Amino acid sequence: MTRRFLHRLVQILPTALGALVLVFVLLRIVPGDPAAAMLGVSATPESVQALRTQLGLDRPLWRQFLDYVGGLIRLDLGTSLAFRVPVAQLLAQALGPTLLLALGGTVVSVLIGVPTGVVAALNRGKPIDQLVSVLALVGISLPVFVWGVVLLVLFTLHWRVLPASGLGEGVGGTLKALVLPSLATGMFLAGLVSRITRSSVLGVLGQDYVRTAWAKGLEPMHVFRRHVLRNALIPVVTVVGLNMGTLLGGVVVVEGIFARPGLGRLLLDAIYARDYPLIQGIVLVSVLMTILLNQLVDLLYTLLDPRVAA
Amino acid sequence: MRIRWVVGAVLLSLVLAGASLGGPAEPDTLVIVFPSHQGTLDGHFAVTTQDMLVVRNVYNALMKYKPDTTELTGDLAERWEVSPDGLVYTFRLRRNVTWQKGYGRLTAQDVKASFDRLRDPETRSPFAGLLSMVREIQVLDPYTIRFVLSEPYAPFLHLLTNYRVGPVVNARAARERGAAFAWDPVGTGPYEVERAIPRTEVVLRAFDQHFGGRPRIRRIITRTVPDLNAMVVGLENGQYHMLYSIQALDESVIKRLRERGFSVTYYSRNLPRVLLMNVTKKPLDDVRVRRAIAHAINRQQVIALSMAGYGRPWYSPVPEGYFAATTQVPRYEYNPEKARQLLVEAGYRDGLDLPMQVFDVMKVTSDVIAEQLRRVGIRVQQEVLDQPTFIQRVLRRDGSISFAVHCCVRQPDPDFYLSDIFSRSKGGAIYISGLDLEAELAAARRETNVEKRRQMYVALQRKIMENVWMIPLVMEFDRNVHVPQLRGMPRRVEALWGLDLSRLSFE
Amino acid sequence: MGRRGFAGGWETSAVRRLRRAIGGSWILWIASGFVILLGAVAFLAPYLRLTDPFAQSLERLAPPSPEHPFGTDRLGRDVFSRTVWATRYALAVGIGTVGVGGTVGTLWGMAAGFSGPFVQEALSRLVDVFLSFPPLILAMVVVTLIGNGVFPVVVALSFGVAPRFARVARAVVLAVRVQGYVEAARALGASSPRILVRHILPNTLDALIVLATLTVPTAILTEALLSFLGIGIVEPTPTWGNIASMGQMVLREAPWVVFAPSLVLLLTVLSFNLLGDAVRDALDPTVSRGVWMRRVERADLEPEPARIASRRIPAG
């Protein structure tokens, strides 16, 4: 397991580094100067120059890059230009809420998608099957911001049950603040999961080994749990893994609507302020997150399907 | 022996309990939210409104503006004198000023140290150059400080207000804390920073030894909420008490909030919205084209559509409320027919294509103006840029920013504003015009006779408007929505950035 | 087996299957009709006598009326007219992205499939890296670099779309190369390259067409998110996303500003999804009848053919 992880890391590392160089260079070519960004409308040519010097932006490009890579080796991601604190600190602050929300959205999608898909599969052809299918289709066709805005107004104003923004205090508060954003984020994936669950349950139900188990006289529920569900869930895991990217995109929009200070917001602000070290830090974190997520998906595969060689 | 301790403790606790029972129960926390982030709380680096909201209350400066006016008065300075030749400014400081966080009493030496830190090349404050006219700072005695200028500078006292170069920071604390000073500052103001989490919130606690007295509200939390909806919802369900400087809020939402019992406070911040143009290049080098544009603008519609009604039409280069502001200038009223006529005269029978550069904050106003210009045949091509790109291009001075809606608050003296727009050497992020009126501006800057100086600016304003070198549009009001129990907000004008939080209280 | 036989054979059977799939369901007829209607509207927008979508007025946030079927927005502009005009940009982005991203991705994937191990590894790692970026975030960064407008958005979205096409193209090429080539060579005796192209191409095309029809709604949705955030296609140019964005603050006073464009967006994406499903069902013979099902693409899994064999996928 660890060998596979390291193997993957070694594979990804050169391309990650390449991507980093690309982003590094492009950021400095692109119009918009961090010093000008920070000074805003009070900027003057002299003050911008002074700030550029203070931030070390007037040194040659290769020098800046070497310093940055040197810092990386020491696990120092540099200091944010716009907020004047270590990049690592901002990333740590933002990573938690984003991961929580991504997790929340995934949980929501599975909690809604799997049962509805199973129900639809078991009642194939009947009205409830049609209903679930329609809802699932609507789920994947409606943009995430509509969910977010509607949920916001309904549950925080009409029925004042949940907080409108922020991260919440303590475990209870955090969970309460997660409910609506997770729902908004997870709806799209819930639709996908529902559809996949339905089709894969149907598929497994038709397999020989299931019929054999029934013929042997095993209890239907037992058969269901042990054989059908386990195998049916494999494509679900696949689909969830594949759509992590889209989920994270939804997280960016939802974080804005519910004012959660996560990576999405951080990236928007970093881009706006041309905060190079911060943008680079976020790029690095995204790549690492993907590796981790892929490893997680692989892990789930081995748990669900022992036939897959470890 | 022990009995005495016990009795003492009991008595003490009774006294304390009595003290808290006796006075009115002050609700102790005020939560203020705004949509953008703060960048720093270091007075010598702070630029944004959100930064200033805190900086204004953490530090004091030598001078300040009397509440609700644009009249200068002393802050840390009790008395001051200006020499007749305008070169020497002597300030007598208050004697009862204490630094926050245990840094002792304020002396003239401390004030000098603050200015030295600002001008120290090592600090690299972007504002160091603004004090280039100061030749020397002398400490005459522990409570007297003197500035000697190399040339007369009429607006000097305005520079010493709590903005950019004015805030008096504790230089020793800055040295000790290094980079951390940006979020853990030390000043003499009515509030000190208890805790600051960048991008999220700043917690201020009342500084009881402040020379101005104990602030009424014990704790103030400023928070960034980037989404307008979330802000409004949070206000409605009690999470927040004030939405600060909410320019982007729609009129219908403000109306609804008012109906639900919230208060809308609006006041002038001497904040103009203007159209700036590069008058040295085609097609804007033709005064008829510029006059046409001026006649095409319907200011009432701009106010109604892009400012939720919170504005007043304005026709003069110097913003209303400033020294030497005047309405005795040529005016170009809304007259689309005349606009079209002028364009034909200028040779643009079939209309004219005009690029316009827009940065996000000015988007809605630019959209409204672009549409108004389209009606008279001026086809505006908008180039939407974000602020950093826009500002960088302005500073490059390559003419790529040639026509834009702009703003900008400055201290209420015309020199700062007009120099930024029309002086090649002193112009900054709003120097788009391509002109150089430095000669006239320098003369006015140096004039020590107040009345003479006023006349110079009046004449200059007339000249600017005769040639339509810029098109003033409106004076915009700053708007805040807050719970009705909050008192102490400005009513007419707030001459400095931010708010004086020590004047606020809960009813 | 001449050229005519193969080419004709594939086409007829696919078209027949497509017709069977669509013909069986009235919902699909509606969906196809809607898509065609959209296309027509997008094309003819300048000729329909609509209110000027840019004309501002002081009649802000007016409720729907005969004069303004979808009401007016915060600047007093007609929401119906803006929604109709926005169709052009939505379709342009949807189809443009598939065109650009699809072409680039397919070439990329095929190049990977046909090359030697080293180049293939490099190109595949590149695919992984690009896929590791959430498409929306990637698009945000690209648009910041290039600027705002329809073309930059198409390019930005293509960055996210191309890797997916590359993956599919590569997997199919590999699968056919490993398996189909051998089989075909055996079955047909001395194999000529042209006949192999006849085998490889139809399979690749099928998978790619399915991916393309399902990518259009994704691209439209992603663009809506981008313009909702105020990036890409910006005001005063109307898009469904930016109309809704301007309306979210006044959701309670004037819900039509958010809901009208959102409804049209929903119907558009829904129709494309339905059509995409039908196309997929029609072109993939292993899928049983029925419109509502969607099968996991073989190629969506791990690219190595060996692992494909080890994964049991329900035939659905």
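We call the chains A, B and C, going by the order they appear; numbering starts again at 1 in every chain.
Simple rule for what comes next: contacts are C-beta pairs under 8 Å (C-beta built on N, C-alpha and C of every residue); 3 or more make two chains touch, one makes a residue touch a chain.
Computed from a predicted structure; not experimentally measured.
Greatest Cα centroid separation from chain C: this falls to B. In terms of Cα centroid distance from the overall Cα mean, chain A ranks first.
One simple way to say how far apart two chains are is to compare their mean CA positions; for chain B and chain C this gives 48 Å. Rounded to whole angstrom units, the spacing between the C-alpha centres of chain A and chain B is 39. Distance between chain centres (mean CA atoms), chain A to chain C: 22 Å. Residue positions of chain B touching 2 or more other chains: 229, 386. Among the residues of chain A, those touching two or more other chains are numbered 149, 153, 157, 256-257. Looking at chain C, one finds that residues 144, 248, 251-252 touch two or more other chains. For chain A in complex with chain B, the residues that touch the partner chain are 31-48, 50-51, 53-54, 79-80, 82-85, 89-90, 93, 149, 152-153, 156-157, 160, 163-166, 256-259, 261, 265-266, 269, 272-274.
Residues 37, 39-40, 47-48, 124-129, 164, 179, 182-183, 197-200, 224-227, 229-231, 233-234, 236-237, 239, 386-389, 391-393, 395, 397, 406-408, 420, 426-430 of chain B are the ones that touch chain A when the two sit in their complex.
Of all residues in chain A, those touching chain C in their complex are 11-12, 14-16, 18-19, 26, 30, 129-130, 133, 137-138, 140-146, 149, 153, 157, 195-196, 198-204, 206-207, 231-232, 234-235, 238-239, 242, 244-250, 252-253, 256-257, 264, 267-268, 271, 279, 286-287, 290-291, 305, 307-309. Chain B makes touch with chain C in their complex at residues 228-229, 232, 248-253, 256, 301, 304-305, 360, 363-364, 367-368, 370-371, 374, 382, 384, 386.
Against chain A, the residues of chain C that register as touching in their complex are 125-126, 128-129, 131-137, 140-141, 144-145, 160, 217-218, 221-222, 224-225, 228-229, 241, 244-245, 248, 251-252, 258, 262, 265-266, 269-270, 273-274, 292-296, 300-301, 307, 310-316.
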